[in-house]
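Pasting the structures in now, so scroll down.
Common to both upcoming complexes is subunit A, partnered first by subunit B, then by subunit C.
Right, the complex of A and B next:
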């Protein structure tokens, strides 16, 4: 077997091992490669910056543990920005685990002097996807009689200010797809189209391409896609965290993939040419 | 090195190692963790279902919202499919769910997914981006012009449309790879930073 054939038949376990090293080494010992801010993320940041101080935001934690690494850092970064602008936050979750992530991320608001029930609330999980989101948009306390901590929502000062989706200054969905939860399309329909509330999206890398169209059409004010967007947002709000730590590993892993794709294809073309020449 | 003393973190880390062990080859450790995962997921789904039933239906019902008895009965009818002679009854709640679901979605679907998207392609052709959007839309649509095959001089349109779509698929695949790598990074961060405390 010559070198070209060997390059096309590398044991996949060798690739797994190299990939593990590419991720593990920068995780243990960060390289500090850094990221540049892309226009899509800058647009989302600029939009939130342009909101008046003291507004109200609804955030949908529409993801499961498998996508925590992409979406938790995004949530934390944007919550820092909301906190710095004194924007009140209402969290809802279309996945059961989403309510737990909301609780983790909203704890950041305590740093900004927020008080639970007055300045922010975690309403918890709702079943029923788009139909329930539509019901929430019309009458939030009818859908959530109690919040995630067990308080009556009608007794919470923040919920007394919110009678419908239209009372929010902005909406955001942190989303890993519609399977089992409320997807981005549903948020566009129920928040933007039905109530004219500006929406930004935080999505996993997989969903980025299919949702960019909403940004181009102006139906979505900005989109954060994957761990990279989280790192960029952390840079913008000057709160470096999990996203930034993960980017070194992401860059090294991508570099490894590119090297293997180039080597594999080069070997294939060269061996085809060699066989053609021999024939 | 500051190894975690949290039992939950230990279970999570050992489970992650068990799942990754399949990359070497299929083994009993991997299958054990896989079965625990499936069982735990089913358990969580049941608990969530019961909690939702309690909070959305049973508690309001027992506190005086008697009208909720009707949707609850409709919910029970969904299980009629398991009794052959009454299975037709499950069509009633299913029809209602489909009708209500379609109605809710239709409220903004036409504007958000048809009118809004079409409008976004009608841009001033003053930049390269605008030209790419304009041509990409037209040529991709020409690929799906299935009434008759475009031939001769017009055959280049669907061919170019296919290239535009292939570029889009490539971008989507690249994002998918990024997402999968992120998932691995999440587990590695958990193992090295949260579990082993490196």
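Right, the complex of A and C next:
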């Protein structure tokens, strides 16, 4: 086997080792590559900035542990912005794990002097996907009789202000896809189309492609896609965190894959040319 | 026959019509009825969740009976029982339940998901070969988007960032719209078939 053939068939264990190094080294020792803010993220940030102080936001934590790496940093960054604008937050989750993530992320609001039950609440998990979201949109306390911490929701001051989805100034879904939970399409139907509440989305990188259509149609005011968007948002709210650190590792991983793809193709072309020349 | 086929068809038909009418027309009585149906739906979904749990226990218990050395089924059952017991007795906001979530559930979920970086990477290396024009277009587009999505791409190849934006907002959206519209039409057709009782598979039939 000559060098060109070897380059086309590199042992996958070599790739695995290099990938592990490409991710581990920048995570342990960040490269500080920095990110430029893209128009999509800037749009989402500008939209939240344009909301009146003291409004109300509903956030759907519609993701599971596998996608926490993309979506938790997004949630934390945007919650910082909501906190700085004194916007009250109601969290719901279409996955059981989502309620736990909501609990982690909403803790940030304490830094801004928020009080549980008055300024923010974690309503917890709901089953039933879009149908339950529709029921929540019509009458939130009918779906969530108790919140995640076990309090009676009708006794919470924040829930006494909210009679339907229309009482929210904005809605957001942090979403890893429709499988098992409430997808972005369902949020568009129930928040935007049924109640005319502006929606922003935080999605995993792979879901950006299918949801970009909602941004162009105006049904979504902004979309955050993947860890990159989290890093950009962290820069905008001036709270650098997990997103920024993770981008170095993601950069190196992408670069490694592209190098391997280019190497494989270059070797294939050179090999074909050599065979053609020999013939 | 009535209980297995006719009654579920009738319930689905009535519920479907009520919810659709309530969505498009502001008739208070219909909207109240639709809200009740939606609440019932969420209650039924919770039962489905419980059914899923029972099914998992049955499946893995059978696995263990067949092969007592099946470590994976044993691990699943043990962690399943521990999590339920901790959740029910100590509460879902307790330190023990949070510990299970933060230090077992999240890391294992993330670890499994992170394996994609390795598998997709090697798959891309082996499959992304420019053997014809279509494959070459896919390959080049994929590489541009991969580089344009990360900061290092913009530093090494500055054109990849705007090129990625253009690919995502023009080429991608055009295709996605077609897929979404076609999907929505199919969804409406299937929903109508269920409402009028033509879609027997929805009730477990052929």
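Everything that follows uses one rule, which is that the second predicted complex is superposed on the first by the 279 of 279 C-alpha atoms of A that agree within 3 Å, B and C clash if a C-alpha of one lies under 4 Å from a C-alpha of the other, contacts with A are read in each partner's own complex, and residues count from 1 in each chain.
Basically, a residue touches a chain if its C-beta (ideal position, glycine included) is under 8 Å from a C-beta of that chain, and two chains touch if they have at least 3 such contacts.
Just so you know, these numbers come straight off a predicted model, no measurement behind them.
In the three-chain model built by superposing on subunit A, subunit B clashes with subunit C. Applying the stated contact rule after C-alpha superposition, one finds that A:178 touches neither subunit B nor subunit C. When the shared chain is aligned, subunit C comes close enough to touch A:10, but subunit B does not. In the superposition on chain A, A:55 contacts neither subunit B nor subunit C. Look at A:205: by the touch rule set out above, it reaches both subunit B and subunit C. In the superposition on chain A, contact of A:117 is made with neither subunit B nor subunit C. Using the contact criterion defined above for the overlaid structures, shared-chain residue A:30 touches neither subunit B nor subunit C, since it reaches no partner. Of the two partner chains, subunit C is the only one touched by A:138; subunit B is not. Residues 16, 19, 23, 66-69, 127, 131, 134, 194, 205, 208-210, 213, 216, 226, 228, 250, 253-254, 257 of subunit A lie in contact with subunit B in one complex and with subunit C in the other.
Residues 23, 31, 35, 38-39, 41-42, 44-46, 48-49, 91-93, 98, 101-102, 105-106, 108-110, 112-114, 117-118, 120-122, 124-126, 128-130, 139, 142-143, 146-147, 149-156, 161, 165, 168-169, 172-173, 176-177, 179-180 of subunit C touch subunit A in their complex. Contact residues of subunit A toward subunit C in the complex are 10, 12, 15-16, 19, 23, 33-36, 38-40, 64-69, 97, 99-100, 103, 126-129, 131-132, 134-135, 138-139, 142-143, 148-150, 194, 205, 208-210, 212-213, 216, 226, 228, 247-248, 250-258, 260-262, 264-265, 268-269.
Remark: subunit B residues 23-24, 44, 48-49, 52, 55-56, 59-60, 100-101, 104-105, 107-109, 111-113, 116-117, 119-120, 133, 168, 171-172, 175-179, 181-186, 188-189, 192-193, 198 touch subunit A in the complex.
Subunit A contributes residues 13, 16, 19-20, 23-24, 27-28, 66-70, 96, 125, 127, 130-131, 134, 145-146, 185-186, 188-190, 192-194, 204-210, 213-214, 216-219, 225-228, 242, 245-246, 249-250, 253-254, 257 to its touches with subunit B in the complex.
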